[in-house]
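One structure, as structure tokens, below. Some questions next.
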Amino acid sequence: MESIRQLLASIPNYGALPELLRDFIPMLVSCVIILLYVAVLGMFLVWLERKVSAHMQDRLGPMYVGGWHGWAQSLADGIKLLLKEDIIPAAADPLLFKLAPIMVFVGAFAAFVVLPFGMASIVADLNIGVLYLLAVASLSVVGIIMGGWASNNKYALYGGMRSAAQIISYEIPAALALMTVVVQVGSLSMQDIVTAQQGGLHKWFIFRNPFTFVAFFIYFVCSLAEVNRTPFDIPEAESELVAGYHTEYSGMRFAFFMLAEYANMFVVAGIATTVFLGGWTQILPAALVPQLVPGPILFSLKTLFLVFVQIWLRWSLPRLRVDQLMYLCWKVMLPVSMVLILGVGFLAVYWK
Amino acid sequence: MKSEEIAAQLSEKFGDKVIESKLGVVTPWTVVDPGVILDVCRFVRDDQRFLMDHLELLGGVDFKDRIEVVYIPYSMKHGHRHTIKCRLPRENPRIQTVESVWAVANWHEREAYDMFGIVFEGHSDLRRILCPDDWEGYPLRKDYKFPTRYRDMPV
Amino acid sequence: MTLNMGPQHPSTHGVLRLELQTDGEVVHSARPHIGYLHRCFEKHAENVDYPGVIPFTDRMDYVASMNNNLGYALAVEKLMGIQVNNRVRCIRIIMAELNRIASHLLAAGTYGIDMGSYTPFLHCFRDREKILDLFEETCGARLLYNYNWVGGLMYDIPPGFEKKVIDFLDYFEPLVDDLNRLLSYNYIFIKRTANVGILPPDVAINYGITGPNLRGSGVKFDVRKDEPYLGYEEFDFDVQVGVGEHGPVGSCYDRYIVRIKEVKESCKLVRQAVAKITPGDVQESIPKRVKPPAGEIYMRTECPRGELGYYIVSDGSLKPYRVKVKSPCFTAMSAFHEISRGAMISDVIAIVGSLDIVLGEIDR
């Protein structure tokens, strides 16, 4: 946002505007940029998922819409969803029903504020960045429960309850895994975490010590549970609950849920990239090789690679049962992440 | 055991309740009195020479003057089977249930009730299984008239 | 609360209604309601002549039509005392076993989908398409064949068919190992199925369950071995049973893995049958008018889902007097409330999938 402020300050007569407007306009511009990014990202990720899943299943996926490998398929689908009838079940709670997709989307979208795309490309470099991310991720849970409850449908209720239990449980090992890195950096700010990894591949937290290496995998698996992806997609288990908490949604509201899911996938992959894979830093130290590829592109590439792994896992693995899921979180992930924190703590004190 | 032996053993055990037998055909059968069917079934399941622990078929056949209930138990251990039949009057076909002997008879008897109207006394849950619960008539009887309307819908 | 897994549901393999009484996630009682696909097969069979019943038998278990036709044709042939020649026997065995492979592939694929793994389904269907292509070459239909007639077959196999079958088997047999690596040996899949839906063998026999469901509980019983028909006694194959390698014997996993092992056995059988074919006329024993003598017969054959039994009562005329079908899925469903006691909702799906039901056969 700083660069936007400077850009705006160079417009003549900009200083004549009242202070409120001068503070508000950069925020608006950043939000619009991120919104456009998320919209294009959502469409791209839907297309990517369809192509990747198709090739894994020995078929082709979208091929016709738009010409080259059906790149405009998600655009066409988005337009179709916009034109659909907006059905609200008669016995549903109208306010909560309409609010639920918005809450879920806000939870995903608000996290983009602190993702460091590049050295100067971050909307707000909060000094409590990681804490803010964990807080905002919980907003989605509220939206999901609202969606499940307001639909007045037993299947949706089941889906909402399962999802709430799952997301809340898995936030704890995920947060602890992130804390291992925060302990070593000494700061919660996302940009500080990235700059601590500058200087080459060996400085990335995933390779710095064995504790953060394991923490990366713990965080990655827990983040799959946060975004309700297979093997943790019990809430939207098609074969059991028809479609879980978004059974009764149609048209644009359903599109919001889907967009929120893909945005969330990108966010958690982005957090993993920032914290463990070096964010916008490159493989070779900047002292040896100047930064050829701009930071945002590098960040996006790393994140998209992690998103590809998420898609890969979805189409290979079956789904865990609810109690097995809970067992995995509380009896496997949590003790391991606690041991990791201990280990990193010892290292930080006794081995500088 | 051969079918002649099976028929002979049944006659020996149940005397004149075994009404007639037809042997020497592809599928030999024995007709028993409906009143003793539960004892006959328990006997063929538990007796060591028979050990017919697997009920293959339980169905009804509608002849012009009677309705027959057909039981075909099979022995997993000995590998023999025998058809047991009971003849019931068409106006009020009632017979004891054998679901306490073979659990699968539960659903087979429900189907026989649904299709023929045979009432199985002592059955735990005798209601229609294939037709809707409020269907009228017994479809597999030879004198069944297909209804023209069902719940105000033309059929 | 009462949860209705209604007639329309992605996972109930057809129009089946399961009424579940749940307490949270645990199911106290599960009552199946059937009859949504009842098409009065037995009434139709009394109104058409004997060969005319065969297309109706296709539509009962529409996934394994060849086996349905075969059971009925064998029953009527036995009643009439017709013997068919070696060529007909071998071709019947080839078709029946290929259909068994296709049916088990469908069962395995849809079971994967129920468990959340979407990819094996498409791989299974890709291979199943090749079998359906073979069938289409022979009799023109992909799913409902009307192929096994009383006394013979509808068409002879086209030239080059044997080679195509062997090529298919050479292509397909290594892919079974791929499927196993993707699904059967997957840790999550085993955890979902290996301790779920235990069916003790004595309960299975009491409930009249047959086929892979019974063999999964450890009972070594196969109609092709114990009461051979069509000359199966001359063929060399094993009866696969569940051994409880990942949990107690009789779990969903055992029933599933028995089907996968049976696919390999069927491949063996098809190879032997192709080697035994002799030239001949497949329609030479078909009688001009099928008019069995008065009497009755009960004939059972091994379908992919279990033991399909036909009880035919003939009064000496051109139309059957009574045709009663004992369908293996019917008996499997009747035991459902027993198997699913105390399971969770996700386990109910696993159990229904492992019983491999086809509603067309249950409802007829």
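First chain written, first letter: the chains are A, B and C, and each begins at residue 1.
Keep in mind that, in the parts below, contacts are C-beta pairs under 8 Å (C-beta built on N, C-alpha and C of every residue); 3 or more make two chains touch, one makes a residue touch a chain.
Because the structure is a prediction, the values reported are computed rather than measured.
Peer 1: Let me spell it out: compute each chain's centre from its C-alpha atoms, then which one is farthest from chain A's centre?
Peer 2: Following the centroid criterion, the farthest chain would be B.
Peer 1: Of all the chains, which has the CA centre nearest the overall CA centre?
Peer 2: So the chain nearest the centre of the shown protein is C.
Peer 1: Any idea how many Å lie between the Cα centroids of chain A and chain B?
Peer 2: Each chain's C-alpha centroid was found; their separation is 64 Å.
Peer 1: Taking each chain's centre as the mean position of its Cα atoms, how many Å separate chain A from chain C?
Peer 2: 46
Peer 1: How big is the gap, in whole Å, between where the Cα atoms of chain B centre and where those of chain C centre?
Peer 2: Chain centroid spacing, chain B to chain C, equals 25 Å.
Peer 1: For chain B, jot down the residues that touch at least 2 other chains.
Peer 2: In chain B, no residue touches at least two other chains, as defined above.
Peer 1: Spell out, as numbers or ranges, the residues of chain C touching 2 or more other chains.
Peer 2: Not one residue in chain C touches at least two other chains.
Peer 1: Among the residues of chain A, which ones contact at least 2 other chains?
Peer 2: Residue numbers touching two or more other chains: none in chain A.
Peer 1: State the interface residues of chain B toward chain C in the complex, per the touch definition above.
Peer 2: 25-27, 29, 53-57, 59, 61-62, 70, 72, 76, 79, 81, 83, 102-104, 106-107, 115, 128-132, 139-140
Peer 1: Under the definition above, what is the set of chain C residues touching chain B in their complex?
Peer 2: 34-35, 38, 40, 42-43, 78-79, 203, 205-209, 219, 221, 226-227, 295-298, 300, 307, 309, 311, 313, 321-322, 324, 326, 330-331, 333-335, 338, 363-364
Peer 1: Spell out the part of chain C that touches chain A in their complex, as residue ranges.
Peer 2: Residue list for chain C touching chain A: 1, 3, 9-11, 25, 112-119, 122-123, 126, 182-183, 186, 188-189, 191-192, 344-347, 349.
Peer 1: In the complex, go through chain A and note every residue touching chain C.
Peer 2: 53, 56-59, 154, 158, 230-231, 233-234, 237-240, 242, 315-324
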